[in-house]
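Structure first, then comments.
By written order: A, B, C and D. Residues from 1 in each chain.
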């Protein structure tokens, strides 16, 4: 789960990580009030959960009251990578001496939490990792003992030569680590970490992602979820305990298992079609779950054909078949359905569906091809 | 550091460990009020930090209002093992089905925290350990991962066969462990842990000792210290950063180093004398520290001769000598002083002290003997 | 031969009295797995499908000499169940349960460091040595004893590929679902090291997906020292960035962890990558015959 | 020969710029110890008594190949200093600092489990191999090279006993102050195992005190397998119960950990126990000549 910059900064504050003076605003008058409180010049930052806000014109320094109004009006409501800006952050201007990068992630390879730092700030760390990996300093936390103070100092001493600043940075690294661990984050990033002209460190931008598996024990974090910046279908799917991701194609896919669901999308594409979604109905799928899946799928108006790819194991094909039948009745499905149901109780499924007007396929390749053919015919 | 039963029970409550309904009282009217609130019959328990309160008559069940008054008056102010009872706990009567022992300590041999349990409650666990060790179940916490839930369940399943009670007990063990770790305890004991007639577990008595080395990070625990039940000299010594323990003899000992201080006491006893105290003035002792030591020592009116046993290393004998001189001047010391000062700057010390009227010894044996002789002569 | 599980596997099922635990105990027994014990705290003394149930894994191991555990308990209790299994001294722990926070897996990894125990999963279908033993939820009937080792981050996708392999007339030595989470107990390389030592295994199939760089690390390892032929499949070529595709570990972070880079890494290590699940089986068939 | 420290010891002093660290660095240098580096975070670049100071132990080890660390930092930072030393790969860490909570020592013990590193202390005077190297705060001049190994829970009491031994004309192979806390890195038995292997050491003195049962455990070990003559002293025969006698570990709990039971255990293992420090030296002299 992602949260906005302003939310991440609230958490930073709670953990004692220094952030600029700033206010979150929902409309122009709030922006103007915030600007006069914080002082002009000030920074106006679009709050959308994508990178590249600066390049897209979503971050501006307003030097006059007029500019506050101008940029405020401009940024509020603009679209960045398809996302509408509904909130902006009005922030003090920080006198930047140097910019650095400080981030924490779980290193999947070493199975440890790693603190990454880079003397260049504002960078896309994955790009640096690819092109100039030695510019990144990695300091690992012990899997059990956490980030030892001496390792935090190592982070600080890598970024700054002045001991006072280095140890202030070490303290920030320790706090960021504490936040990361206590909140089950999957990413916590200060980018850039700014050393200002007075010699103080300050987190100019903030990004925190959370491990979905850990959210159950952090209702306060779950409550930060911005439902308006998420896809409606994806929200609905999560509520119904289904995994769904919207794509831009027109062949709706219903699959059991995440790997097979991805492979199904890939196969559709392989044969020249365009998948409309990723959808995993999970292991022991009841007819009701199949109903729910179809209901979500059909909310996407781009879907023009539905492709069921079920490899029965724990999932029983007859359960899926019953779900399809029930859904057809209840939901008035107009789109043709291509069904490939194999494995546990596939014969029963065929019996159930034989009168249902489906297009059957005996392999996933055949299913994908038929779905594409049908589409051309429709 | 030790605390009273009622304080331990307050901590139990905070950690969710069930305790009887009870009130702490300082005088008879409070006792009577508490009794009527809690209901009669009730238990009246002396709050002193020693074992064997029951045997000493410090715990009584009052069955009538008259008995509340009678026992209240009797217990308040009584002396148990030399300690005056200044507070009593008035507690509900629990209908006991079974009694067990549940305690947590640091196992010095294995360097781990261990949960000890015994199906017999109210016992002196060290006695059981000596006489019937197999009656004690030991479950170790992992040094880093703590008390795994399955190990806590093992504790519960050892004490109780009924799963519901066993798991309730496991939960209590987990809470007691949490308290132990979070508060730097050195002992946390529920003795007895009672299963009442309704099938509920309840901590009928509570004992918590704390690791002095951990107290600096628990000011709230330090604040629980009952200064009135500690020896005045020992309190004063702690404030002055000296280790002092009062004994019943008349030869006051001033030594550098805890081991040597004990050996000095033992030596005094060995040659037929009676040490008045343990006193370690520590490593790098300044003249001021020696002054402080003598000041504390002299508050003990039993002290009739003072024996300095200093093995100079980091401790400089001249510092000690200067301290003695200064103290003699300021404190009007009437008792004879036997001094054995050897090691770093011992010659300087002799120069400083040659006119001070001390009795010198060249070895600790000689010093101990001279102190005893002097005493006989005085 | 085979790796990790075989006829000597003596299995304890943690969470045996639950719906999934009970169902799959029956399935595993039917397959011929020696399920010797079950554990559900507080249910000690009952039996499930004839398997005795104990209160603790320690007891189960003491009474039945179980050497392998499979975990079917809800996410909130799964972490504790893993520690209990390791603590009881079993040599192999297979955690089917999903939903374990990544940071708990980091800690479990720390706990395992000095233990003589291997963890497979979590969030995995388990593993099977066809004809010998099945530990987990894989549908036994699609497997056939043979010489192909299969290692996969996925469940049903594995079945799809195995089904194709079996239909192509080939069998499997051992098939391992290593799990779809970002931190897992046993990774591709760990399995390859075992397959390298297993004379029965003549070739290996790696079924990877987007997210992380386990496939890339594995490709390096294979270049360096793995001698048997390897085949590969990567799911998620059409997956968008920064979206979790079902599995907690199946996520492209920014521009890293894409299917393209994984396929490239595989190909650089001479791993034959199938475009479709069916093609994987064809490639194996062509190469091995 | 000797144990643990010798002419090859290359020492890094943690907290070298502090009052105690600086003073004892000078003392150790004067004794002939190879003090190769000091560490104080933020003071990297300066030098103390000619010893270069680094910001981290890692750097110090990299630059000077230090293999041993001695810690002189306040209690609140001592725990972190111990982890830093272990983490930097030194083989021996000697923690002079006192005041470390017992539960922190429990955790440190857990951390040490799979490390090739030994901790001595905390709350100890350090150790000395006379004529070779001194690591800690022991007064060097009272020691003399020889064949007696000394292991002690105490500081000045050890000096008292060593002084008597030296005056009796005998010398020491290595003398180790293991520390007065309840949980310590290296115990009597650990040292005895090393002395057993050291040909220079002909006899060993154990200086124990009230509290715990390390002396009792040690007596069992000696009965079982330690072949060299052992002498003993126990401090605290007159100590009352339930009172901490200076050292955090010197406390009789109820009725256990008394001097009497320790002396009894020693005697049952044929350890000659001196009634007074001077008698210990006499007993050794008598036995060895």
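Some points to look at:
Just so it is clear, a residue touches a chain if its C-beta (ideal position, glycine included) is under 8 Å from a C-beta of that chain, and two chains touch if they have at least 3 such contacts.
Because the structure is predicted, anything quoted here is derived from the model rather than measured.
Counting hops only between chains that touch, chain B reaches chain C in a minimum of 1. Comparing the chain pairs A-C and A-D, the larger number of C-beta pairs in contact belongs to A-C.
Chain A and chain C have Cα centroids separated by 27 Å. Distance between chain centres (mean CA atoms), chain A to chain D: 55 Å. For this pair, chain C with chain D, the centres built from the Cα atoms lie 49 Å apart.
Taken residue by residue, chain C touches two or more other chains at 107, 110-111, 113, whereas all remaining positions touch fewer. Residues of chain A in contact with two or more other chains: 142, 144-145.
Judged by the touch criterion defined above, the protein chains are all mutually in contact, each touching every other.
Of all the residues in chain B, the ones that touch chain A in their complex are 144-145. Residues of chain C touching chain B in their complex: 41-44, 55-58, 80, 83-84, 87, 107, 110-111. Of all residues in chain B, those touching chain C in their complex are 142, 144-145, 148-151, 153-154, 157, 163-164, 166-167.
Contact residues of chain C toward chain A in the complex are 20, 75-76, 98-103, 105-107, 109-111, 113, 137-139, 142, 152-160, 163, 180-183, 207, 209-210, 212-214, 217, 233, 235-240, 243-250, 253-256, 259, 275-278. Only residues 113-114 of chain D touch chain C when the two sit together in their complex.
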